[in-house]
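Both complexes shown next keep chain A, but they swap its partner, so chain B is in the first and chain C is in the second.
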Partner chain A sequence: MSVPVRKFDAVIVGAGGAGLRAALQLSEAGLKTAVLSKVFPTRSHTVAAQGGVSASLGNSEPDHWHWHMYDTVKGSDWLGDQDAIEFMCREAPNVVVELEHFGMPFDRNADGSIYQRPFGGHMSNFGEKPVRRACAAADRTGHAMLHALYQRNVRANTQFFVEWMALDLVRDEQGNVQGVVAMEMETSEVYVFQAKATLFATGGAGRIFASSTNAFINTGDGLGMAARAGIPLEDMEFWQFHPTGVAGAGVLITEGVRGEGGILRNSAGERFMERYAPNAKDLASRDVVSRAMVTEINEGRGCGPNKDHVLLDITHLDPEVIKSKLPGIREISIKFANVDPIKAPIPVVPTCHYQMGGIPTNYKGEVIVDEKPVTGFYAAGEVACASVHGANRLGTNSLLDLLVFGKSSGNSMIDFIKTAPKDLPPLAIGDVERSLARVERLNQQSNGTQVNDARAAMQATMQKHCGVFRFKDMLAEGVAKILEVEKMVKTIEIADKSRTFNTARLEALELENLIEVAKATMISADARTESRGAHVRDDAEDTPERPNGRDDQNWLKHTLWHRDGNQLKYKPVTMKPLSVDTIALKTRSY
Partner chain B sequence: MTTRTVKFSIYRFDPEKDAKPYMKDYTVELDSTDRKLLDALVKLKVVDDAISFRRSCREGVCGSDAMNINGKNGLACVTDIDTLKQPIQIRPLPGLPVVRDLIVDMTQFFKQYHSIKPYVINDTPAPDRERLQSPEDREELNGLYECILCACCSTSCPSFWWNPDKFVGPAGLLAAYRFIADTRDTATNERLDNLEDPYRLFRCHSIMNCVDVCPKELNPTKAIGKIKDLMVKRIA
Partner chain C sequence: MEEVELKRILWRSRRGLLELDLQLERFVAEVLPTLSEAELALYGDVLLLPDQDFLAYVNGAVACPNARLVPMIERIRAAQR
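After this line comes the complex of A and B, so read on.
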């Protein structure tokens, strides 16, 4: 075997918000860093984030990081680790101001400070009333942020490997991470990128579901690579269904629409959220709003000829506010729903949006297995589980997560590289050969399963058996079905065997990653016999001891799914913050 | 919209097996939910997995799926199928080397973008808090910062076709003005120096193809006009 090897101090896989923020730390520290991305950096899915990035700047009204922390713990339904949550909320104002200094074109208040809008679950004074905490660039915050971070990396001379797909993680006999095997998409050449420190910033895997706000590229590549390399995946049963995807198209409509005054209505024109969340109403947490919507639809109060969606109404807002604060939403509504929201409400339906779980890390971005860091391995952003989002993420905390943990993991890598031996150790060959065998199997496969058939079967199974509401029997059946789909994936076949920019091969390799995520999700969800945050099941009854079906006595713990034998292990939630008192368990209501 | 049959003619070229590019005809059955051109291409790829194109967000914000559709550049994911004359002719963006099928080599495009120093330059020490900017000054960036780097504009511009190595092109110049217009940027003079050249800026002859094709409805010609005004004022 002769695979060429390229050597670096650090290799970063993924060039979305987290990868770019980490790359900036490493490049500015003068370390030799390679950033690999399947797509040109500004095409990463961070670009699609709309509403804002949270930070208790207090530009419009009093705010405090401790209130932000409280909201995040409550939003997580107490599954988030309170040390990581404190770290994120305290760092928020710093990283957002830094982003402004990098050139981010935030909207502005009359005094010239950064404009902030209300968002779901963000409250002042420990849950009292909505607060303006989401720092926004119109409704294109993700786009503006991703471009600003890319631009800053151009200034820092970061070395990008654009349209390279990482195939597998390389670990030595001790389990230390040595880098990745990667394929140049244009030529199909395979290289090893060997480095002292490796960061996964590969984003989420929303494409395991049939209906998703996620881009085509969100195929859980980091999760698949980690799982194959023996790293467990944490809390994969927790998926956020965003309340407002465009009905039929799945395209995202930001919660910022409700932050600016938008209202959800059922077929009777009723503002139904007043019944489900009397205090926060339309700005309750996403899991709460999504369930309310599905309940309305299931009880026959949906809209349209099939009564299969509800309406998001902003026709009462000043058209100038819509044009200045929500121009992208107006564009999306016109293009994907045939509706100008100035004149008519937008048809919306809960749509798979965000993966709360991922590769287990601490707040420094170090990957943690068996309570110890995996030497040389880091993860940040949606692929990672720090865990700050727990069982349900608050809107705008995802962009914040990218900035805070992209930066902290970059700093951890710098510290590690400084103390690591100057010369890289000899490369372990086992994982490299395993990776090459995967590519070779695809090249040789005949009489197998079509990629599209296996992918469609997986997506339909996840959608039907693991959605907004989950049912004991359906989950058990779902596990059996997804293991059948796994067998199909083992024989997927492609007709196109060209070595030049072979997108059929890429889709096949992506499916091999997706199926790992689908298994982890279904098996973890089947096992967790309580309701918490985004994971709600029919057999978890609402009792005084278990309000909303949450069972703290048995289930206040993180799931760890291991690919080997589909084993589940658990670890405790970190309830102790870094400097403040624990935010004590409480029944969650908005 | 209902189930319907749509005819396509698609540019195909795989350098490994094709001596030269050719157009291939396809017919595809579409469901009522298939509204955009990208929906149809994804369906076609199920039948013929060798058809190659880039795509990602499928909502017009990542800029991956720019292509030439019935003679005009646009994004497949926001183009309505039913507004297009059939057979729908799909070709790669013009003027850039073709890697395979609808995938072009965008090196030259990004090289020009990078050449304008696409980042805020401000060497004064950063304050503890955000740099202040009035809402009116921030408004100057509207119509500029929203660019998605899809290259529809530059690859529709005859001046860019003739001199892709020397003329910055509409996308790069729009970005150049985005930083000139930013009150936080202190390098306006340096930026104008960088463009003061017979080719880099002045090859724009206001043909306005860029404005016509921009999927984000931005106006590079207007931005270029503003840079030219600043050049003139600077001399005066």
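After this line comes the complex of A and C, so read on.
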């Protein structure tokens, strides 16, 4: 076997906010750093973030990192690790001000300080009243962040490998990580990127669901690569959903539409929210609305040929009101649902938005397996689980996560690289050969399954059996079904076997990553018999001992899914912060 | 146009924003095969736009200031009707 090898101090897979922040740390320390990305760095999915990044700067009114920490622990429904959450909230003002110095064009107050706006879940004085904590650059916060970090990396001589796809992790016999196998898209040539330290910053995997707000690129490659290399995935049952995305497309319809008088209807045309929330009706909270929608669909009252969505009706509103107050929504509906909402209702469905789980790390970005760091392996951003988001993420804490843990993992890598032997050890060949065999199977496969068919089967199964609101029997069936889909994925074939920019091959390789995430999600969700944060089951009853179905006695623990045998193990939640007292368990209510 | 260039364009039609992915998917399937060499090259240039600007032009929220790119933006918009 002769695979060319390129050698670096550090290799980073992913050029979104997390990967770029880490790379900057390493390059500015003078280390030879490679960053691989499937797309041009500034087109990473971070570009989609609009809302902002949180930090208790207190520029408009008093704020404190300890209050931010309280909100984050509560938001996580106490599944977040309190050491990591303290670390993140304390670091937040530093990393945000640093980003400002890197040239990030934050919105400003008249006195020149960073302007801060209120955001759901941000409170002062331990949940007392809303506080302005979100920092934004107009409605382009993610975009501006990527540009600032990318420019700075170019200056620091980070070496970018754009339109390269990492295929697999390389570990030696002791399990130490040696780098990655990667494919250059233009030629389909496969190389090994060997390094002293390797970081995964590959983002989320929202495309496992039929309805997702995530761009097509979010295929969970880092999770697939980690799982194949024997690294467990943590808390994969926790995904954040929005109640109303356009069915079949995923584009969000803001909650403002219901505020303007929009009504949800089932296949009989019934305004079903009257049954679930007699007072608030269509303006009930997000989880109540999502739950009602899923119950309607599940009980056979969904709309369309597959009875898989409900309708959001604004036809009773004055067309002039729709045109003046909801022009964006009308445009989205016409474009993505082929429906003019002045004339007909919009098909909608609860839609996946954010992945709370991921590769298990500590707050230093070190990947942790069996309570020990995996030598040479780091992860940060949406692919990682530190765990600061626990069972549910607070808005704007994700961009913060990228900055804080991108930086801390960069620092951990620098420390490690400095103590590592100067010469790289001989490359272990086993994982490289397995990776090549995976590509070769795709080239040889005939009479197999089409990639689009297998992907559609996976997405439909996840959406139906493991969506925003979950049912015991559906989950059990879902486990059997997703294992069937896995068999389909094992035989996927591609018609186009050419070598230059073969999109079909790339999509097949991505699907092999998505299926690992889908299995982890379904199996972890089936096992967790409580409701907590974003994981909500109809059989976890609301009782005085278990408010909202949360069962702290049995389930205050992190799930660890292992690919080998689909085994589940658990580890305790870190309840002890770094310097302050534990934020004690309480019922989560807003 | 060489095959490699055409395929590079296909890959670059994958963006950081879902709304662009969906609109370009339609455009690539329905219109791309009918484009001339020169038009393909122009589409390749359009793909170099930053995602947030690109989406604003395609949605018609903002007029594209680069007159050379406007005809191609209009064709992408037309493919959505």
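Assorted remarks:
Here is the rule we go by: the second predicted complex is superposed on the first by the 483 of 590 C-alpha atoms of A that agree within 3 Å, B and C clash if a C-alpha of one lies under 4 Å from a C-alpha of the other, contacts with A are read in each partner's own complex, and residues count from 1 in each chain.
Operating definition for what follows: a contact is a pair of C-beta atoms (placed from the backbone, for glycine too) under 8 Å apart; a residue touches a chain by one contact, two chains touch by 3 or more.
As the structure is a computational prediction, the values presented were derived from the model and not from experiment.
Shared-chain residue A:570: touches no atom of chain B or chain C. Touch criterion met: A:335 reaches chain B and chain C at once.
In the superposition on chain A, A:506 makes contact with chain C only, not with chain B.
In the superposition on chain A, A:108 makes contact with chain B only, while chain C stays out of contact range. Once the two complexes are laid over each other on the shared chain, residue contacts for A:151 go to chain B alone; chain C is not touched.
When the two complexes are overlaid on their common chain A, residue A:215 makes contact with chain B and with chain C alike. Once the two complexes are laid over each other on the shared chain, residue contacts for A:43 go to chain B and to chain C alike.
With both structures placed on the common chain, the touch criterion links A:143 to chain B and to chain C. Of the two partners chain B and chain C, more chain A residues are in touch with B.
Shared interface residues of chain A (contacting chain B in one complex, chain C in the other): 39, 42-45, 47-48, 140, 143, 147, 186, 215-217, 249, 251, 331-332, 335-336, 498, 500-503. On chain A, the positions that touch chain B within their shared complex are 39-40, 42-45, 47-48, 57, 97, 100-103, 105-114, 137, 140, 143-144, 147, 151-152, 154-155, 186, 215-217, 248-249, 251-252, 328, 331-332, 335-336, 450-452, 494-496, 498-504, 507.
Of all residues in chain B, those touching chain A in their complex are 14-17, 33, 35, 45-46, 48-50, 52-64, 78, 99-100, 103, 106, 110, 114, 117-120, 126, 128-135, 137-138, 141, 145-146, 148-149, 179, 182, 184-185. Against chain A, in their complex, chain C makes its touches with residues 3-4, 7-8, 10-12, 14-23, 50-52, 59, 80. Chain contact summary for the complex, chain A toward chain C: residues 39, 42-48, 140, 143, 147, 163, 185-186, 212-217, 249-251, 331-332, 335-336, 498, 500-503, 506.
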